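Here the chain labels run A, B, C, D and E in written order, and each chain numbers its own residues starting at 1.
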Amino acid sequence: MDLTPILPEISLVGLAILVIILDFFTRRKGTLLLVAVGGLVVPAAFSATLIGRTGSYLFDTVILDPYAVFFKFVFLLAAALVLLASADYVDRFRLYDGEYYALILLSATGMMLMASTRELISIYLALELATIPLAVLAGLQKDARAAEAALKYLLLAGLSSAFLLYGMAILFGLTGATDLVGISRGLPEAAGLNRAALAMALVLLVAGFGFKISAVPFQFWAPDVYEGAPTPVTAYLSVASKMAGFALVLRFFSTAFANAALDWPLIFAVLSVFTMTLGNIVALVQTNIKRLLAYSSIAAAGYVMVGLASGGDLGASGLIFFLLSYAFTNLGAFIAVTAISQQVGSDDIADYAGLARRAPLLAFALTFCLISLLGIPPTAGFVAKFYLFAGAVQQGLLWLAIIGVLNSAISAYYYIKVVRAMYLLEPKVLGPVKVSAPVALALAASMAGVLLVFIFAWPIIGVTEAASRSLFVR
Amino acid sequence: MNTSEPAVVAAFYVLSAITLGGAAGVVFGRNMFHAALFLVASFFGLAGIYVLLQADFLAAVQVLIYAGAVSILVVFAIMLTRQVERGNEWNQLRVPGLLLGLLLLIGLLAVFTQTQWAAGTGPYPTDTVQVLARQLFGPWVLPFEVASVLLLAALVGAIIIAREE
Amino acid sequence: MTITLTHYLVLSATLFSLGLYGALSKRNAVTILMCLELMFNAVNIAFVALTRVVAPQLLTGQVFALFVITVAAAEVAVGLAIVLAIYRQRRTIDATEVDLLKW
Amino acid sequence: MLTAIILLPVAGALLLAVLPPDRRLIRAVSVTFTLLPLLLGIYLLANFNLTQAGPQFVERVPWVRILGFNVDYYLGVDGLSLPLLLLNLLLGFLAVLVSWNISYRDREYFILLLILVAAVSGVFSALDYFLFFLFWEVEVIPMYLLIGVWGTGRREYSAVKYLIYTLVGSAAMLFGILWLYFTAGIGTFDMLELGRLNLAREFQALVFLALIFGFAVKLPVFPFHTWLPDAHTDAPTAVSVLLAGILLKMGGYGIIRGVVNIAPEAARIYAPLLVTLAVVNVVYGALVCLNQVDLKRLVAFSSISHMGYVLMGIAAGTQTALTGAVLQMVSHGLITGMLFSLVGLVYDKAHTRQIPDLGGLAARMPIIGWLFVFAGLAALGLPGLSGFIAEFLVFLGTFPVWPLAAILGVVTVVITAGYILWAVERVFFGPVKRVALEQVGDANFVEWLPLAVFAAMIAFIGVYPRWVTEIINVTLPQLVARLGG
Amino acid sequence: MAPDLAWLFILLPLLSFLLCVFVTRPYPRLSGYVTIAAVGATFLLALLAFWAVGNLPADRTIESSIQWVVIGGSVLKVGLVIDSLTAIMLIIVSLVSFLIQIYSQGYMAGDPGYSRYYAFMSLFTASMLGLVLASNLLLVFIFWELVGLCSYLLIGFWYQRPAAAAAAKKAFLVTRLGDLGFLTALLVAFNATGNLDIRHLIDLAEAKQLAGITLTAVALGIFSGAVGKSAQFPLHVWLPDAMEGPTPVSALIHAATMVAAGVYLVGRTLPLFLAAPDVLLVVAVIGGLTAFIAATMGLVMTDIKRVLAYSTISQLGYMMMGLGVGGFVAGIFHLFNHAFFKALLFLAAGSVIHSLGTQDLREMGGLRRFMPVTFLTMLAGALSLAGLPPFSGFWSKDEILLDALRFGGVGQILYVLGLVTAFLTAFYTFRMFFLAFGGEYRGVGPAPAGHSHHGPPHESPPVMTVPLILLAVPSVLSGFLAFGGIFGTFGEFLISRLPWHPHYEPGLDPTTMALSALVSLLGIFGAYAFYGAGWVSPEAFTSAFRPIHTLLVNRYYMDHLYNWIARRVVLGVAAVLDWVDRYGVDGVVNAVAELAVMMAGSLRLLQRGWVQFYALMVTFGIILLAAFFGFFGDLIALLRG
């Protein structure tokens, strides 16, 4: 049995266990972090050895293709940045910092598997492995809000899982297969009378995945959980978890329903409209930065679904590129928020007043990320937006593209509200804001990412395009 | 699996009644402890259904994990939260919840009653444990391992969440 | 009178809907978790029943159900832990009162 | 060369970010890094080949070659863009001088100013639609901050309004660009290449609307103009100068290069609509000016009126009218830049811009007063100054096509004269109105130096417009041929 | 004379303008000298040009032009031409300007804006010379606007006086109203011919190659400009107010030269009018009407400069009427004569004002004793204006009346109107004269600020009186140019070197001469009766004609009407539009924003923080989607083809 395809995951689990064990022996602040972040080199190295390999392993439960490998790296990177960003935050749950790091790593393992499997049972387990640690992480802080966030996350995750499973059961019943390729082979035969069953399965699957990617109307948990969870966890939720969801959804639908006589992109097109519009509009009236970013990330999910709806190579490539750009951008934003709230002691946008004078670099970093979210150059977000909507237009989804671009214009209003607070208002309190080295490093890395993805957009698009193409190769 | 053996038919209906009755007890019961007991009953009913379906290993697992472990956890939680006196109240969504539940049920029934399911080949094994073992440690070894990691994560998580400072 | 696959599926659907109804309309968080468990069990019935028809030799559905049981157990464990945490913080596990985070 | 013009201010901005925040150093760097591009621009002008219609000083590097996506780093200037590029460089330099007295957070201010200038240079030199859009978008945030942080009055409202309007416009534009790209199907964003196609009439008619919307907001065209008075009024002086002087021109330039040239048939279809809007702009803007009590707001509305002539010229589509339109953009950039600088000085010294609170200032600040009269006369189209010939060419070119519009434009000249002279009378003439105004001083050297440059340029172009029209007419004939006019 | 030398006419004073602005501003006297030198030089040049034109072969002119703007096939040229008309105009402008610049040294002495005054004066002279030299309509228009600018700047010279500032603005706006027509005429002409060269247009018009509508539009447009510039009814209202400027400015710009530019322009383009007889008739009627109306208003003015201003309007109407009845030579001759005597009258009035510090006739009187030179020179000017033979005004006025008579039809009515106007002119001229110089001094208080002189009236310094004397000479004698001169009579010279051949029929009509001399005498006598001898009380007389008097004093309520239109209508519309802009157009925008926020406000209510509600929504979503896809799936598939 060739285990090399899952060596990154195995080593990641090993790292998580190592961190937990080390936690018993070391009390020195920083050691664990160093081990957790530094240890990521191992899975990264293993992933690197997988570059260029394609194929199906471990009884077809693991897939290796550029798509999977690409996402392995992205999740490792996201995990690393989130870990770094947590350096100061973990003081709030000092006792459990080892477990905190370990759970992040375990969740990352689940995400990596989500991107590299195409078999229902594995998908389900990978999904749960990614989800359950997140519920714990959300509730790690011993306060009412964190616990509430965890409860909401867990309950709705459970409900979604139930729907998802039901959908999978129907698919299984229709085709007798659990691997997506087998399902796609079986589906055309299951047409005709079974349309209703297929539609029901599709809807249930969308509902199940919709939770992960926070698509309307399955998005309700997001703002509450984002607000209540520790900010680095929020970052992780909004970036890594969502990316994993999309990575899975894209592979799932483009593989399983490739031959189905069912217009599944349409469902995403419709949801996309509602998702981005709701996200953007409700964000207009938010006063808490984390909630604001939560709604913004709902809106972003709407944009990504434009890529899903577009289908085809360009759509998929646009989606992947958008996710990458979004990863750096949103991580950057949340890391900045983490650093700021650590000092300012509030997530209220009003308390960001005059931040540009107290912490010019931090304010600039946040602004830069917000600009990227808004899709204005010179940031990754600009290219991502352009590229994503290009896919929609290419596929003739003009109406969707129009709604999309208009939405992105609306979003300016609330992003700029934050910029306004930081730059236009006078500080209420004076005094500089300090940022610890790991957080600064994470922030710098995110910003570099945002800028570099913009500058080297085209080589990177080459990669995303290869990744997307590998999805459609049978 | 289609069978018209009277004993099986009767068993099916009795077990279904137990299962659904137990579930209804959970939902409609007024007392939390009763609800937990109804849950156990429902789990047992399900185990019976599995036996009817000749999934004996699964029935055993169902009894062990659900009727045993999960139920005990639930009872612990009920006792620890000391909310028994409030009973098992309804919230304001009683009517819309019922409506939506019924709608979903109608949809599912509509699907289930008219779908042509895929036709598998081959006989049903007599010894399901052996087949399951081979399957679990064969094709589904990865999920199996993932499940173990998942349990580890849940274990760690449950401990640190539940622990008092 | 013949017991067919459809019978089992109807049982599954009914149990699922019942569980959903409970999850939607009961106040107690523990009850909600219990109802979730019922829903997972309903899924399991469907898997186990279906596998006899669509993959009788491989028992895929039973394998699936086994994993669902495992995951559900893990989920309920974490869930109950969280309920305890909520109770410690808020002295209530009424889901309608857990609404600090909104809008 | 063009790259250097674009990147030099960016380099200046970076330098400012790392250098110590010393007042004199900041100004030295800002002046240097706006003057150098200006000198380079003058070098371009000197070496511009008046017989070559296509773009010159071309820099073209393939940038993307993926999945039918071909983007080039493609810079170049032709007769259409060179005057506007130079205008931008000049105004950028002058804006630094005008900002000399900024003391609040001056380092950030100049950084943003430099980025703004660089972005606009990019817009005027980009020949690839993607690149054009990129530069177009870069400008938005610095402008928002400049208005929002250093503005006056309802600066936050105005800044956000500017931002939202611009972004809604550019959203439509983004859609239009993509649609154009995929429908044209030649796999390039090259604006000139796209401008040689003959796209289907129906498609032109639709994509025209999407593309022009963004530019129309910027120009601005009624009824999308209401951001302008607010933004101009509340922006700091130098930013108003750039906003009115340059950013509006991006709209006019964009319409010519990015819309009309690519969808000429649609331009013919929509010409009645455009010319109607142009007349509304001209007349409406002028009339509303009469009711303004804030001097700066008055100048802002006058911009709406004057930019209406640009739209009129474009709608007419004859060579004369288009020459007039482009010349009007250059001329208006200078005139309004000068007017805003002057209003800024008045505000600095008298601490109010409310016309009823001012009066008799010419006696206290003769330089400012008479320069204001000069600029006002230029704005009302006095022959010998640049505004006249530009508007005259627009009229001349429009009259054969849309006689009524041209005549309405001519009539508005009186209203223009009315609000300008009335404002001059109320602000500068008559006895000194309040005791507080007795003490106000006149402009010092740094203050009147940019004004002198403005005045010289206005007079120079007014007396010898061929200097500009020759350049414009190197490129225009092709466009006119496409328009069939 | 080399054709390109013509540009010197413009460049010399322009240079002086630039010098005054940038170099000699701190040294006022120097500015004066520079200007005087420059204008003097142009006068010499004008003489040279006159001599050169006179020696040209018949029908030849001196021309020089450059291509100003070239756009594709169309070329905008600007060029200068010196022909006989130009030569005459050059002499008028440069000579009057020269004398006035000298005079101004005295009048403006000590004014803080002395340098500015001379700068503007230089600019004006440059522009005015450019205007008369321009060979195409575009350049005419350019200088036309520039002289308007100088008029604006000089009326508002004492800008600290609200009245001056308002008058300046009014002058600019009202003339610009007329210029709209002019500009439109340019558009029409260029569109029709692709050329704005006057000679070209005249050739086309004479060859009947222009469509009637085009011709009418162009002629009407040009006349509209002339109405504004030459203060013809109904745009005459700015000129009386323009008297707020320094008196030498009034003399130069608002009497001798700029206001005559309208007449000059109509004269220069007269063939276009001749080819469009309807417009020609309009010119004649408007001219006659203006002459009469202005004269009536002149009767009741108490401000010495305003009397002169109305007389100017009236005389300009006379000239316009002359042109309108086809009397090219008569009109231009009157322009020529009027330039001198009206400049003289203004300067003399300026001398009075300078001495007394008031412009109010009621505060003057008996000045003949204090200011003998002024008295005598003003008498010469007044007699010329009144049209008494043999003073210059008589001869040209007579020719105009004769041409009107010859014109026939409406011309005969205009003839009568002209005679009545001549009577009125003589009356109000001498009313003014007697009020100022006759009787006893009625002056009171000290001179207002700005004038340094106090005490009793006194004669002005020589720097002022010498120009008066020099101007008195042509006022008395220039009429005789009708009978001979260096290059033939005025008329012969005028028509000899033009791009077209005006109809000119020299000759005198004894009846007309007698009639006009008689009405002038009657007018003077009447004025003497009222104001010189006091036989009739003016007060009693006016109270007898109270309504008419009120109407005249209120200037036919025309200013009221214009003010009402400007204040109520234009500003009212502006206010309404501004309101619409703020609350209508912008209101929609803000409403959209409000709507979005409202939507946000209601949508966020869904996010009520209650997890089961979320679960409910999820379920609801599933059911909706299922319904959508289950039931409408086929429909959608159908719709999407």
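Methods note: a residue touches a chain if its C-beta (ideal position, glycine included) is under 8 Å from a C-beta of that chain, and two chains touch if they have at least 3 such contacts.
These numbers were taken from a predicted model, which means no experiment stands behind them.
K.L.:
Could you run down the chains that neighbour subunit B and subunit E together?
P.N.:
Common contact partners of subunit B and subunit E, which must touch each of the two, are A, C.
K.L.:
Of the chains shown, whose Cα mean is nearest the mean of all protein Cα atoms?
P.N.:
D
K.L.:
Using the average of all C-alpha atoms in each chain as its centre, how far is it in Å between subunit A and subunit B?
P.N.:
So the centroids are 31 Å from each other.
K.L.:
Once you find the CA centre of subunit C and the CA centre of subunit E, what distance in Å lies between them?
P.N.:
Taking the average C-alpha coordinate of subunit C and of subunit E, the gap between them is 96 Å.
K.L.:
Counting in whole Å, what is the centre-to-centre distance of subunit B and subunit C, each centre being its mean C-alpha position?
P.N.:
Here the centre of subunit C sits 7 Å away from the centre of subunit B.
K.L.:
On a C-alpha centroid basis, what's the spacing between subunit D and subunit E, in Å?
P.N.:
Averaging C-alpha atoms per chain gives centres 36 Å apart.
K.L.:
Using the touch rule from the top of the page, what residues of subunit C touch 2 or more other chains?
P.N.:
Where subunit C meets two or more other chains at a single residue, that happens at 16, 19-20, 23-25, 32-33, 50-51, 53-55, 60, 63, 67, 71, 74-75, 78, 82-83, 85, 88, 95-96, 98-103.
K.L.:
Could you list the positions in subunit D whose residues touch two or more of the other chains?
P.N.:
Each of 164 in subunit D touches at least two other chains.
K.L.:
Would you give the residues of subunit A that are in contact with at least 2 other chains, written as numbers and ranges?
P.N.:
Counting only residues that touch two or more other chains, subunit A contributes 121, 124-125, 128, 132, 135-136, 139, 142, 150-152, 155, 159, 166, 173, 175-176, 196, 200, 223-224, 410.
K.L.:
By the document's touch rule, what are all the touching chain pairs in this structure?
P.N.:
A-B, A-C, A-D, A-E, B-C, B-E, C-E, D-E
K.L.:
Can you list the residues on subunit E that touch subunit D in the complex?
P.N.:
Per the stated touch rule, the residues are 67-72, 74, 141-143, 145-146, 149, 152-153, 156, 159-162, 164-166, 168-169, 172-173, 176-177, 180, 183-184, 186-188, 190-191, 566, 570-571, 573-575, 577-578, 581, 585-586, 588-589, 593.
K.L.:
If you look only at subunit E, which of its residues touch subunit C in the complex?
P.N.:
604-605, 607-612, 615-616, 619
K.L.:
Which subunit D residues qualify as touching subunit E in the complex?
P.N.:
That would be residues 161, 164, 222-223, 225-226, 229, 284, 287-292, 319-320, 323, 360, 362-363, 373, 377, 382-384, 388-389, 392-393, 395-396, 399-400, 403, 406-407, 410-411, 413-415, 417-418, 421-422, 424-425, 428-432, 465-466, 469-470, 473, 476-477, 480 of subunit D.
K.L.:
In their complex, what parts of subunit A are in touch with subunit D?
P.N.:
313-314, 317, 356-357, 367, 371, 374-378, 382, 385-386, 389-390, 393-394, 398, 401-402, 405-406, 408-410, 412-413, 416, 419-420, 423-424, 457-458, 461-462, 465
K.L.:
What part of subunit B is in contact with subunit C in the complex they form?
P.N.:
1-4, 8-9, 12, 16, 19-20, 23-24, 26-27, 32, 35-36, 39, 42-43, 46, 49-50, 52-55, 57-58, 61-62, 65-66, 69-70, 73-74, 76-78, 80-83, 86, 88-94, 96-98, 100-102, 104-105, 108-109, 112-113, 117-125, 128, 131-132, 135-136, 140, 143, 147, 150-151, 153-155, 157-159, 161-162, 164
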